[in-house]
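Below, chain A partners chain B and then partners chain C, in two separate complexes.
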Partner chain A sequence: MTDLVLKNIGKTYPNGYQAIPSIDLSIEEGEFIVLVGPSGCGKSTLLRMVAGLETITQGDLLIKGNRVNEKEPADRDIAMVFQNYALYPHMTVRANMAYGLKNRGVPKEERDTKVDSVATMLGLEELLDRKPNQLSGGQRQRVAMGRAMVRDPKVFLFDEPLSNLDAKLRVQMRVEIRQLQRKLATTTLYVTHDQVEAMTLADRLVVLNKGKAEQIGTPMELYNKPTSTFVAAFIGSPAMNLLDAEVTGKGIKLNESIVLPFSHDYRGKVIWGIRPEHLVASDEQNGDIALQVQAVESLGAETLIHGVLVGSQQTDGSAVPLVVRLSGPHLPDIGSHLWFTVPREDWHLFDANTQQRL
Partner chain B sequence: MIENRPWLKLFSHFILIAGVLIVALPVWVALVGSTQSAGSFADSVPLWFGDQGVQNWSHVLFHAAGSTLQIPVWHLLLNSMIMALGITFGKIAISMISAYAIVFFRFPFRSLIFWVIFITLMLPVEVRIVPTYQVIANLNMLNSYSGLILPMIASATATFLFRQCFMSMPGELVEAARIDGAGPIRFFFDILLPMSRTNIAAMFVIMFIYGWNQYLWPLIITTDDTYYTLVMSIKNMLSVPDGDIEWNNVMVTTLLAMIPPVAVVVGMQKLFVKGLVDAEK
Partner chain C sequence: MSVYFPQKKLPYLLVLPQLIITAIFFLWPAGQAFKQAFYREDAFGLSQTFIGFGNFIDLFQDPLYYKSMGVTMVFSFSVAFFGIAIALWLAVMADRVIRGKMAYQTLLVWPYAVAPALAGVLWWILFDPNIGPIALFLDRIGIHWNHFLNGDQAMILVVIAATWKQISYNFLFFLAGLQAIPRSLIEAAAIDGAGPFKRFWDIVFPLLSPTTFFLLVVNLVYAFFDTFGVIDTTTQGGPDGSTNTLVYKVFKDGFIGLDSGGSAAQSIVLMAIVGLMTVVQFRFIERKVQY
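Presenting the complex of A and B:
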């Protein structure tokens, strides 16, 4: 059953600025949807519109089949976890978690039972009598999640909940959020700008660009078949290499000297993409393209080599940057040339004009 | 900066001690004077304790403030206390509510209303004293506690300070409360009020002292001495048509008038400072 439906949802501010032109999305019960995009793409606005903190100026928002456009946040049966946790500083952890229930007139015994059971689930039993300022960042985060969970809402909304945590804790909480969500099977809408977080958490991803949904799909769909150069560059780290090229009768022409054999009905300018991890190390005889090394990032398990494509120039005369990701340690000299083959199945081709996948 | 220069130390101590002496001397004179007999002030100001202390204090506190004011000072203290607390709580309540409306609600002419409130800063009691007196007289509130309190409780300063305090409240907290189902009244009492605790304390100190020291207004609207306040009655005790001013009784009354504000400042100092400098949100 669909839990949350966004039907032609849009937002235009009174000053005429159109933050979100129109988005259609229907979310199944228990699904984990991540809204991802660069800052200013409208992802938080969209989430806040679902929460009821921003007005919806166009379209319908349905939760469990009921139109809730005009309902107050408290009446929408949603719970939200904020970026800065937004815990009430003067209340104990227990009071923080129980506040929503208290306002809904849930009797004290029931409140306590619910808070206790959620606290056990999150490992917060010891902290129930503390105030938020006596907690660490990770613990606050957990309390904020607990506050959302006690109410047992139909939809969880997360607004960049991990961005204030340190890197290690972020990874840990990421896993925990995923496990909890699986266990509770509550429909979840999660906003982040971090594509790793997005990829690891989501059942389905919505990539937003300037208020428009560029692509909606599973993380693997987005990784394997990005529908536009925007998605191609946004999903995956380091980003996909995107090179200007041209499809001719002989194949795909990256520059005067590099023509990769290829047949396609399309003729004309394209953008040719390949992910850094899909370039295969080769030698001068067998290699398709050569890279001149400019910088090497050794991460232990893998090595990122930044360089430029040999013998190629962009239209403005600058060199064409290229990134390669190799597993294991490598230490090529700066300035040396490395040769790679580019397997056909890993290519991505986009129309140079529309930026859409061919 | 840690420096070890003995002369500098000596010099700064000298300055500090001189400052303390200048501030403390009048208090000392008042304290000493309150133990003298009425006649000891005839030629010079006494600088050491006399032997009338207990007698003066009990007479002034429980019998009569002086020959011109036949009312015990405990009654004046009570009046002052009622007025000061009334003004303080009234100011805090009214300005919190108006700041709440201005910060958290969107209504037409919101900023205009704020500026109108703000402009009243330019109209202190002294400026509007005649019309205010007229209004209070028409309302039959001369010689009453409400007449003493009501004209004082609208405060642009406090409204402004609460507005700043509310505006520094994180937006996410307000939104979290909305999602938690807290309506305007609940939000005010459950979230806003406890979170502005230190600001309220700071405001309490400032407003209590303001209220306690009110002089001109009580002087004008009270003609019945059962509504006299302590601060204005000292003036009354000094204007003796004939005969000597009872300096010993005046000193006792002065000291008594100093105690409540000092107690409030000392007692609430910690919260007061926190409320003015701290943004623990």
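Presenting the complex of A and C:
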């Protein structure tokens, strides 16, 4: 059953600025949807529209089949976790978690039972009598989640909940959020600008660009078949190599000297993409392209080699940058040439004008 | 933070102007008052007799002094309460205004720039039983207004005049306090099912409590000591001492009644009160309110 439906949803501010032109999305019960995009792409605005904190100026928002456009946030049966947690600083953890239940007239014993059971699930039993300023960042994050969970809402909304945590804690909480969501099977809408977070958490991802959904799909769909250069560059780290190229009768022409054999009906300018991890080390005889090494980042398990494509220039005359990711340690000399083959199945081709996948 | 000066004299030289001002305009008169409090002076100021605690004994046996104390309490707490309540209400409203915010806020701050005496005159004219528009309006709706004869009405008048001036000051602090509350807290409460009224009392008001407490002390001090001008230009402590606050009584007994000893004794008591209030202010405000 679909739980949450966004039908032609749009937002135009009174001053005429169109934050979100139109978005269609239907979310299945228990699904984990991540809205991802660069800052200013409208992802938080969209989430806040679902929450009822921003007005919807166009389209319909349906929760469990009911149109809730005009409903107050409290009447939408949603719970939200804010980026800064938004815990009430003058209330204890218990009071923070019980506040929503109290406002809904739940009797005290029932409130206590619910808070206790959620606190046990999140490991917060010891902290129930503390005030938020006596908690660490990770604990506050957990309390904020507990406050959302205790009401057992139809939809969870997360607004960049991990961005205030340090890197290690962020990874830990990410796993925890995923496990909790699986266990509770509550439909979830999660906003982040971090593509790693997006990929690891999502059942389906929505990549937003300037208020438009560039692509909606599972993390692997987006990784394997990005529909536009924007998605191609956004998903995956380091980002996909995108090179200007041209499809001719002989094949795909990266520059005057590099022409890769390729047959396609399309003729004209394209953008040729390949992910850093899909370049295969080779030698001068068998390699398709050569890279001049400029910088090496050794991460132990893998090595990132930054360089430029040998014998090629961009239209403005600068060298064409290229990143390669190799597993294990490598230590090529700066300035040396490395040869790679580029397997056909790992290419991504985009129309140079529309930036859409061919 | 400490700063080190190469010469020993320079720092003293730098604070000297302030020290001189304090000495001439505060320490010296305070010393004089302290001395006078133990003497009885004749009305022409020609002779002084040392009478020890005589002035204080007289003071604390005088029913008029206790009446004045009661008047001061009613006056001060009314001014503080209405000043804070109205300013808070205005600040909450101003915080919601989006268009014309600056103009609205500037207008609300203006009364603070008006001198207390002028504020008094302004309200005195508005409420004048013969020509005041508000008094005439009240007459028309059946309330006979004459603060020259009716002590309660006189009290209402001075409370209005003194409060009006203080609202601006309180408003500024409340507005700053409100703007310091993260929007997400209010939004979280909205999602938690709290209506606007509940959000205010459950979230906003508790978070403003440090500001409110600070303003309570400041307003009480203002009403106690800083409202001489307002009272002098409106009721002069009358009728029948119904607006004769402690500060106004010091002036009246000393400069009109020419009882300088009794007046000095009263100012010593006032000094003790202001000292006490300062202690309270530092003790409770400096230590941040816990939440």
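Things worth noting here:
Please note the rule applied: the second predicted complex is superposed on the first by the 358 of 358 C-alpha atoms of A that agree within 3 Å, B and C clash if a C-alpha of one lies under 4 Å from a C-alpha of the other, contacts with A are read in each partner's own complex, and residues count from 1 in each chain.
Please note the rule applied: a residue touches a chain if its C-beta (ideal position, glycine included) is under 8 Å from a C-beta of that chain, and two chains touch if they have at least 3 such contacts.
Computed from a predicted structure; not experimentally measured.
Chain B and chain C, once both complexes are superposed via chain A, clash.
With both structures placed on the common chain, the touch criterion links A:Phe82 to chain B and to chain C. Looking at the shared chain after the overlay, A:Glu72 reaches both chain B and chain C.
Of the two partner chains placed by superposition, chain B and chain C are both touched by A:His90.
Legend: residue contacts after superposition of the two complexes on their common chain; A:Asn103 is shown touching both chain B and chain C. Once chain A of one complex is fitted onto chain A of the other, the partner contacts of A:Lys225 are absent, as it touches neither chain B nor chain C. Touch criterion met: A:Lys131 reaches chain C, while chain B stays clear of it. Touch criterion met: A:Ala51 reaches chain B and chain C at once. Shared contact residues of chain A, touching chain B in one structure and chain C in the other: 51-53, 72-74, 78-80, 82-84, 86-90, 99-100, 103-104, 133, 147.
Chain C makes touch with chain A in their complex at residues 182, 184-185, 187-194, 198, 202-203, 206-207, 290-291. Of all the residues in chain B, the ones that touch chain A in their complex are 170, 172-173, 175-183, 186, 190-191, 194-195, 197, 280-281. Of all residues in chain A, those touching chain B in their complex are 51-53, 72-74, 78-80, 82-84, 86-90, 99-100, 103-104, 133, 147.
Listed in rising order, the residues of chain A touching chain C in the complex are 51-53, 72-74, 78-80, 82-84, 86-90, 99-100, 103-104, 131, 133, 147.
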